[in-house]
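Supplied in structure tokens, the structure appears directly below.
First chain written, first letter: the chains are A, B and C, and each begins at residue 1.
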Amino acid sequence: MGQATRVSLKDLVRAFGGELLGNADQEITGISTLTSAGPTEIAFLSNSKYRHQLAETLAGAVIIGLADRDASSLPRIVTDNPYAYQARVSTLFNPLQRPLAGIHASAVVDPSAQLGVDVAIGAHVVIGPNVHIGDRAVIGAGCQLGDGVEIGPDAFLYPHVVVYPGCRIGARGIFHAGAVIGSDGFGFAQDQGQWLKVPQTGRVIIGDDVEIGANTTVDRGALDDTVIESGVKIDNLVQVAHNVRIGENTAIAACAGIAGSAVIGKGCRIGGAAMIVGHLQIADGITVSPGTMVTKSLTEPGTYSAIWAAEPHREWLKHAAQLRRMEELSNRVRELEKIIEALERKPS
Amino acid sequence: MGQATRVSLKDLVRAFGGELLGNADQEITGISTLTSAGPTEIAFLSNSKYRHQLAETLAGAVIIGLADRDASSLPRIVTDNPYAYQARVSTLFNPLQRPLAGIHASAVVDPSAQLGVDVAIGAHVVIGPNVHIGDRAVIGAGCQLGDGVEIGPDAFLYPHVVVYPGCRIGARGIFHAGAVIGSDGFGFAQDQGQWLKVPQTGRVIIGDDVEIGANTTVDRGALDDTVIESGVKIDNLVQVAHNVRIGENTAIAACAGIAGSAVIGKGCRIGGAAMIVGHLQIADGITVSPGTMVTKSLTEPGTYSAIWAAEPHREWLKHAAQLRRMEELSNRVRELEKIIEALERKPS
Amino acid sequence: MGQATRVSLKDLVRAFGGELLGNADQEITGISTLTSAGPTEIAFLSNSKYRHQLAETLAGAVIIGLADRDASSLPRIVTDNPYAYQARVSTLFNPLQRPLAGIHASAVVDPSAQLGVDVAIGAHVVIGPNVHIGDRAVIGAGCQLGDGVEIGPDAFLYPHVVVYPGCRIGARGIFHAGAVIGSDGFGFAQDQGQWLKVPQTGRVIIGDDVEIGANTTVDRGALDDTVIESGVKIDNLVQVAHNVRIGENTAIAACAGIAGSAVIGKGCRIGGAAMIVGHLQIADGITVSPGTMVTKSLTEPGTYSAIWAAEPHREWLKHAAQLRRMEELSNRVRELEKIIEALERKPS
């Protein structure tokens, strides 16, 4: 479908499934939160703890979970995943806005580049030799694609994305402004107190349906490639170092860093500002909490954490000092144990 | 005033207040530190612990606090806030250098854009439809302003700032190179092991007198807006996620991250590399120390901290091991308590 | 030498030294890892723990250390630093690819700029007044060089590097995409609840042979300069604040932050995501572990660490709670000590 402006509940359920209760012909013109929605909008309840908002909403209809099926008398769509459902409905009303196809007069496109049908190349774009751009891809203003870069069909690059030579981006990728793909990995050999640069001759290979956040950086491999598999979502200001491999559908929140040659499994969730040390293996489905530093491979499923949570400054000072006095405390306990042992052995 | 090249102490005090001691006609040609200033420059002492530098300075005049009023015999301006005073004097000699008004021939400006008087549009800028740019604003080379963006009067965008469609920047804002305003928030719904994108339909609304650092990213809201109030100062490489709200005159140092829907009060100071978890509330005037991870709302005024400060590697290894053995230590103490209790009860 | 495509072991040893064992006329066409190399490639063993790979490699020759001299019967070069040796060989086959000299028609170059011989200026570059560019330097597409910037000979700027007015980059520097050099330091004076901007009038001065990663930011000094000495290597997304000074040949990994006026010695290694607080001094040769926050000057050589390493979430919850109960534990131990003391004094 193109962009919807008005759709009936009946049509939504036909497209996306779910159980429809109440007026099936109710038409809606958009989606909003329970607290902001108006009478022609549909709202959603994805967490039962906000159920009280149902009573007060002015929404014309709601999307709710099975557990909340009867918590409203509004026209409603009942589904086992209201949050995913609202994502689909919202996408119907707010599809990605693709500019008109065409090549802006100010773009510099090498004659050897191959452009698919209906691509849109923005102003001041630079496209190098032997680049291949898939059908309907959008290359935003000021993007720079190096020699031999491949961009999949329906990919969408926002302004100022830089893709270094030889790197590949799959179909439907979304790359936000300032993302840099394929910069040199941080590889230097120490030689008599100086650093010798190790050429970074690998590439970055990115699968389909990957989203990369603003100003995020992904380094090319040293000899082999850096690989981001399909369905991976990476937030803003994330660093992905050389030879990292990220498994399908893993999500990485902002400010995280993945050091060189780390291998992250499929379906992992890496929290904001988490750091993964180089050469580690993270098994499929693992969750790393925000701000957590991972220093050893994680092979068992589960959630891993390690932060010192903010506390009032004086409390923190005390706790930090105590942490440094633990050895002394441990020694004092050992001393007490010895004395007690002696006391117990002493004939009374 | 325009850029000053020579000004008397008398004129400074007339413009900025303070008590003038010594030769009121002394002219100065610039401002510098106590250790670098020459005889036609004015220096400043903003921290009494550097008072010994007063004796050795070659400066022609000094700006000093009330407590240091008589610590120098140089011509001097006495004020209750020498650091703010020097900021004003320095700004007099070093105003923001605005390029000449005009639109560079290589800029691509949509005909529907409305430009105020005396705006300066740099080379290779791209300005989309329905953009509104206030009087005297400067749009640096290579900046990209999406559809419907509004830029307030006297705003100054350094090169390569990207503002996504629909976002608003207030008057006198200073945006450094590579800043990205309005990229999509990191919103995805899990659906059978894959991630469904949730359209990010909110905007970024930024007040007046806001400064944003180089390569900092501010995401647009999911449904409602991301809001940065007037007077906020944000350093380089900071991430501001979707639906965050930052209160007036709050300052955020480099490498910090503010997760989604966090609400930060007015006049807060967030240290470098500090991280605020999503959906928290930080009350007005709170200070978060550098490197501190905030995981719960902070409602009481004060300073909050939580870092493990660097120590020699062997010490750290020991402390880290002890932290993991605390349960054992605690059990040993419990055991001792039981024994002691028994010993004390034993008739002697 | 230019780019090699085929070279004999004899020639390699003539150029780079080392002991040659086996067929000196063996020709190689490239370099790879032990596990990927083919019969016309040379591979390397830089860590004896991978010595088992020597037995299985299909490589035509190997570079190995003194300790592994006899661990292979392949034609081989024996050297005391195999990793540095392979860097040299790899550079022979994979030199930095410099584009043809010339100025792209879309570049905007101020007539007062001075360009050395054989410089290459990419598309949509903007070069301000009085810029000086050394011989053979490469300025990638979309780079922005402010007034009076100086770029040394053989420097290589990838696309979208921004250098603010007055900054200097030495010879052979490599600057990755999106790096920002010379943005304003984060300097504000508090004045009645508001922030007054302190003009940042210093510059950034960068020595020779410096490499700066993608989207890294280096702020200009407030009054004096920010200085990065020769041979320094900085990874992606690193923040270098105003008035920082970084000594020769120091390496800083990704996501690190160096706060204002910190002075880092020569030959230091700063791990990824490490943070150095402002105004500290770090002595020559110090290593700071990844993720470590440095809050005091480090004057003694050595490695410094301070992280809480990831652990299973339940373990972490327990340890975090125990850390907060240490005072209580300490008090209980004190109580036991008093009781024991009393028991011991009691005449039995």
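One rule holds for everything that comes next: a residue touches a chain if its C-beta (ideal position, glycine included) is under 8 Å from a C-beta of that chain, and two chains touch if they have at least 3 such contacts.
Just so it is clear, the structure is predicted and the values come from calculations on it, not from any experiment.
*Asks:* Taking all residue numbers at the chain B/chain C interface, are over half used by both copies (same) or under half (different)?
*Replies:* different
*Asks:* Given a C-alpha superposition of chain A onto chain C, how large is the rotation in degrees, taken in steps of 5?
*Replies:* In degrees, rounded to 5: 120.
*Asks:* What whole-Å value do you get for the distance between chain B and chain C if each is reduced to the mean of its CA atoms?
*Replies:* 26
*Asks:* Specify, in ascending order, the residues of chain C that touch 2 or more different other chains.
*Replies:* Touching at least two other chains: 106, 124, 142, 160, 178, 215, 237, 255, 307-309, 311, 323, 326, 329, 333, 336, 340, 343, 348.
*Asks:* Write out the stretch or stretches of chain A touching chain C in their complex.
*Replies:* Interface residues on chain A, with respect to chain C: 106, 108, 124, 126, 142, 144, 160, 162, 164-165, 178, 180, 183-184, 186, 188-191, 193-199, 201, 215, 217, 219, 223-224, 237, 239, 241, 255, 257, 259, 275, 277, 288-289, 292-296, 298, 300, 302-309, 311, 315, 318-319, 322-323, 325-326, 329, 332-333, 336, 339-340, 343, 346, 348.
*Asks:* Taking the touch rule as given, give the residues of chain C at its contact with chain A in the complex, in rising order.
*Replies:* 31-33, 36, 81, 83-84, 86-88, 90-91, 93-97, 104, 106, 122-124, 140-142, 158-160, 174, 176-178, 211, 213-215, 231, 233, 235-237, 249, 251, 253-255, 267, 272-273, 290-291, 307-313, 316-317, 320, 323-324, 326-327, 329-330, 333, 336-337, 340, 343-344, 348
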